[in-house]
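In the two complexes that follow, subunit A is the common piece, with subunit B as its partner first and subunit C second.
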Partner chain A sequence: MGQVDGYALSLTNVSKSYGHVRALQNLSFSVAEGRFFVLFGPSSVGKTTTLRTIAGLVPPDRGRVEIFGKDWTHEPIAGRGVSMVFQSFALYPHLTVYENFAYPLVEAKLGREEIDRRVKETAAMLRLDTKLDRKPGTLSGGEQQRVALGRSLIRRPRVLLLDEPLTNLDAKLRHDMRAELKRLHRQFGLTIVYATPDELEALSMGEEIAVLRDGAVVQIGTPDELYETPRDVYVAGKIGSPHMNMIKGKLAPDGTTIESAIGTLRRKFNAAEAGEAAVIGIRPSDIRLAASGESGVAASIAMLEPLGDVTVVSVEAGGETLRMVLPESAASGLQPGQPASVVLDPGKFHVFRASSGQAIT
Partner chain B sequence: MSVTPVTSVPRTARTSPALLEVSADNWRLAILVGVVVSALGVAALPASVSFWIVGAMAAMVAAAFVVNAYRRRYYGGLLVTPAIAVLFVMNIFPLLWSLGLSFFAYQSNQQSIRFVGLYNYIKVLTNDIAAPDNWNALINTAMFVVLTVSTQMIVGFLLAMLFAKQFPLRKYLLILVLTPMMLSVVASGVFFTYYYDPTFGILSYVMNSITDGQFILMDSKAGAVAGIVFADAWMWSPFVMLLVLAGLVSVPKYLYEAAAIDRVSAWRRFWSITFPYIRGLLMLALLFRTIEAFKLADLVILLTKGGNDTMTISYHLIRIANEQNKTSEGAAISYVMLFMVIVLTNLYLYLAKRRNREA
Partner chain C sequence: MESGTSIWERMGFRKSSGVAEAGWGHTLVVAGVSFIYFLPVLFIIFTAIKPQALALSVPPTLSPTSLFGLIPDQFVFTPTLENFGSVFSRVMTAGGQPEPTGFDRFFFNSIVIASVSVLLALVLGTLAAYGFSRYPLKGNDTYLFIILTTRMLPAIVVIIPVILMFRAAGLSGSYLGIIMLYTAFNLAFTIWMMKSFFDELSPDVEDAARIDGSSEIKVFLKICLPQVIAGLAATFVFGLILTWNEFLFALLLTGPDTRTVPVAMNQAVSSGGRGTDWTLLAAIETLFLIPVFLVTFFLQEHLLRGVTFGTVRK
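So, the complex of A and B:
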């Protein structure tokens, strides 16, 4: 609640409903100044509503929105120092690229020369110098995206909101724009809040990621934290590709083993949890084929998905399907239907309570 | 065509018949026979008989064309034929016929007809007796065009701005606002004669209770014009509104949000975001309403019968051509009017295109 120094942005228990639809429910998070912060979650979890609340387009029903320590919850948009790039780009179709850039500046009552200087500077930075007198409709998707970015940056905002800015671009362009955005972030030291449903974007760009579900934050952390210690099944399932394997099981009374369909797994856990139904998560990269002579779980190979240097191998064991990532060399001899013995790295088990999905440590 | 298609699906089912072969689809022969028989008939027989002979020959040629089109599978042509026939009979023929008439001295209640060249045009534009009325009606029409169109454009535009927002009962109010447009002009005209009526009209009633004395709207030219312009605006502002509304709802909402974040003032937001979306439709409304206003006659007939110097060129034309039977003079006036409307609309279109190129 009380703003910690250095927070550019802080949302406290923000709720917002549209009719019967609860878009945000007690959403809270803080973003340190200069941080690249990612709001991650599938569509319709409230990412866009969150951004619109920060921008001031949507007044929250409850809660506080603070920007650089000042309460902006019920203040108008102007003066927030926040700018936003919309998923649809929202370029002004009847204005040229130059006019689109100049648009926010004219309103700021800057001189003609200053505007011209800044427009040229921004265009050069985004490599749009030759497109200044074109209309947005005649530009490619990537160029439109850069115009949208430039229009947001030209006002020198303190906080930049990006709403799925790469969703409308093709795969190659998306890759380039990720690098470009990271470069801009470093160059300007901007605070960026970036909404995306794409885990690759989230993990590769975010310095800090908030995983959202049903309009609330499930877990906030660095990409490594989310990957290594997901707080619940939802986060574990969303982060990491291919997705984590989930095996139903039961915590044995002895406090060191878990009974599951694929056999008894060794893992220490808090004895107080003994007897609980559980879900064991294991990442595909933490499963390997047993070496000759090594004992492992008996399985049969169901499917091979070669991805170049690695192959995703699906095996069936005890009625469960497990996916594992093998280096191409290890998977080269495998055939579907062939029996195999697999080893699960016991140190890498993630155990979750079956009822609530919460992680058990 | 020198290229023979490899897959030889015959496009023409039969070859055309030779010129002198008697067959239902031989349209060349039909034209030949038609021209010869018509010429002979006109030369040898009285007009009352030759008229029908020429008609029968025209029908025969048309029938030959149809059979020919059917046998050679020109189905596209066959399908548009009825529409073209109607267009020709109802529009193009009368248009050309009246153009011809305008060069003759002819009255529909008299038998005589005499070629006079441009005399009718000179008369309607310069004659000391006939021309002043025409010019006066034309000036009145110009006044009505300016007043009704500008009123409709402004009121229609403001209504559209209002209905582009969401408010309770909007749907029902919208239907109510659109009703005048759907009513027959005669019905609306009758409403307004009652509203404006000096003895039991509501307008006079209200005015009389505010001021003393008898208020009669149609007493002066200004009042009469105001009455007509108001009635016309009442009927046709919804039309302008509908067009502008279509433009307004087509503006993507995110543009306004982007503008809000860019802190753009309402005034600039309107001119740089909203207006480009409705400019074309405003132009269309302006064009339609101007052409219609040029032809304004119905309300004048119903409300003032041209009294108090409210005669419009359209109503004047009806009087000259239909009531005074000066057919060829009426045709000349019509053509002067048509010329003006064409010039005006092309001017609009030229301006609209130039604006589009600039934008």
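So, the complex of A and C:
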């Protein structure tokens, strides 16, 4: 296999422009073999272009694409051992489910019996055995999705690319398919690169997540790393739901406090940064109501969003709106307009430079 | 072609559909309008099976059957197949023997010239359309526009330069010449039609095939082409109808050996100084109708899908 570094996939400084639009700008990341790797970011940040570059559909302008240690940058599509599920599923509409499954095997010139065996095996695995004679147009969205998945798995790729595969499904089906995909990942030990704009999908499925912005990677890490130590305001704002509260402030000269609209917050930082304008981020789950007798930030309750076992409570304090997540029991009895005193966990502050958005440690 | 569908089902008499959706009232209105459309054709067909003497009778005879006494006897004629025989062989000079008219040859010419040129245009035009759709040139639309300019003018306007070009190339009167000309004209139409069909296909599907290991040629043959079969059928039928009925170019650019039926028809009925032989004309027209009628009928299933193709896909 010749894999020196153990990476299934490695992109180095890949750039791609379409006319004046720069789709990818010095994009770099590596995916270890067997990893479930998520490309996360809103639409048109270059997720699809990245996948298409890996598949060989898009030749990069600059940079290098390696698959299992071999440079495939300017090589043809065939032979990469990469398959892809498209957002639109891209099933062959004129072929039956059986023929859709068989297509990659026929192109690989496998024997008829081997093809038949594998098609039936794949159909059984995806519970499509009874649909083999149907054309894709007569299937439900979930079935089409499974056909697309089966067609890309049937030739046993070493890397599977999934481009927003759940976007076109309804909510219930999405949940089921998330579980299904995780199961397939475990079962085959596949290396998966999964593009999604959905934070929940990214966090729940990704073993490693690359957050993309403007065709470049902002931060790569495990879901926990991205949640605990976001590198900048962009990542902090994208990961975590409800989104992180952002408060404008200024780092005080003493190196231990931050002046902000809601008062002075205690947080140690590098004294060299003193006087810098900053954004303080705090997650809604790191804010709570002050216990009786405890000193807190004076606020008034603006809105309640009950979500079953928890309630998202928005409070106004010093002109800033803060959202906090309270257990349903703690939120019951609260009324909009009512004054409240809230406590922000000082250990959970994320401090970012206001000018660049970069985290200050 | 689906197997197991009877001729009645093909004509729309499907057990499941019937008139359930629209109801009898609407169906009758549409049937009435269709009948008016069909009336000239019916008139020609009836004229073709009339005895020659009754062609211009007053009052006109209208029907070969009294429809169970519905139509008064003076409007009913006794049908005959004599006129069809006259198409291929008839007495040309007074008191002479029947002579072959050469119409077998003219029908052969029409079939060969129309089908070869339409099929040739279909092959070349489909390839070109795929190119225009998938690999756009700089100024793609300009070329498409230019291709269509020959169809923007009435044939009578472009006929003079075309005749000059044919004379210079020595193509007048040959099969090659008229087939090339019809192919060129059909190409414009084919490219525009097929490009719009290719434009509708999802490029993702083709990319999926590329990832599945298909070469560009296989992507075209195994993925794209099967998806536009309806378009091919529609283009073929419309092209065939236009070419089959073309008169002016055929009149000026075919010779005695390569003459097509529309031209020969014109000459057959106006020669001999006996005035127009209406029943003969009608018989030729009726025979002339059959090939296109059959082709259209058997491609109808694809045709209807072709027209509604864009609305079916997501």
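Following the convention adopted for this analysis, the second predicted complex is superposed on the first by the 357 of 361 C-alpha atoms of A that agree within 3 Å, B and C clash if a C-alpha of one lies under 4 Å from a C-alpha of the other, contacts with A are read in each partner's own complex, and residues count from 1 in each chain.
As a working rule, contacts are C-beta pairs under 8 Å (C-beta built on N, C-alpha and C of every residue); 3 or more make two chains touch, one makes a residue touch a chain.
What you see is a predicted model; the values in this text were computed from it and never measured.
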item: Clash or fit, subunit B versus subunit C on superposed subunit A; value: clash
item: Which superposed partner A:A290 touches (first subunit B, second subunit C, both, neither); value: neither
item: Touching partner for A:M84 - first (subunit B), second (subunit C), both, neither; value: both
item: Which of subunit B and subunit C A:Y103 touches, first, second, both or neither; value: both
item: Which of subunit B and subunit C A:L169 touches, first, second, both or neither; value: neither
item: Which superposed partner A:L57 touches (first subunit B, second subunit C, both, neither); value: both
item: Set intersection of subunit A contacts, subunit C complex versus subunit B complex; value: 52, 55-57, 77-78, 82-84, 86, 88, 90, 92-95, 103-104, 107-108, 151, 155
item: Contacting residues of subunit A [partner subunit B, same complex]; value: 52, 55-57, 77-78, 82-84, 86, 88, 90, 92-95, 99, 103-104, 106-108, 151, 155
item: Subunit A-touching residues of subunit B, taken from the complex the two chains share; value: 252, 254-255, 257-265, 268, 272-273, 276, 359
item: Subunit A-facing residues of subunit C, complex; value: 202, 204-205, 207-214, 218, 223, 226-227, 229, 312-313
item: List of subunit A residues in touch with subunit C within their complex; value: 52, 55-57, 77-78, 82-84, 86-88, 90-95, 103-104, 107-108, 137, 151, 155
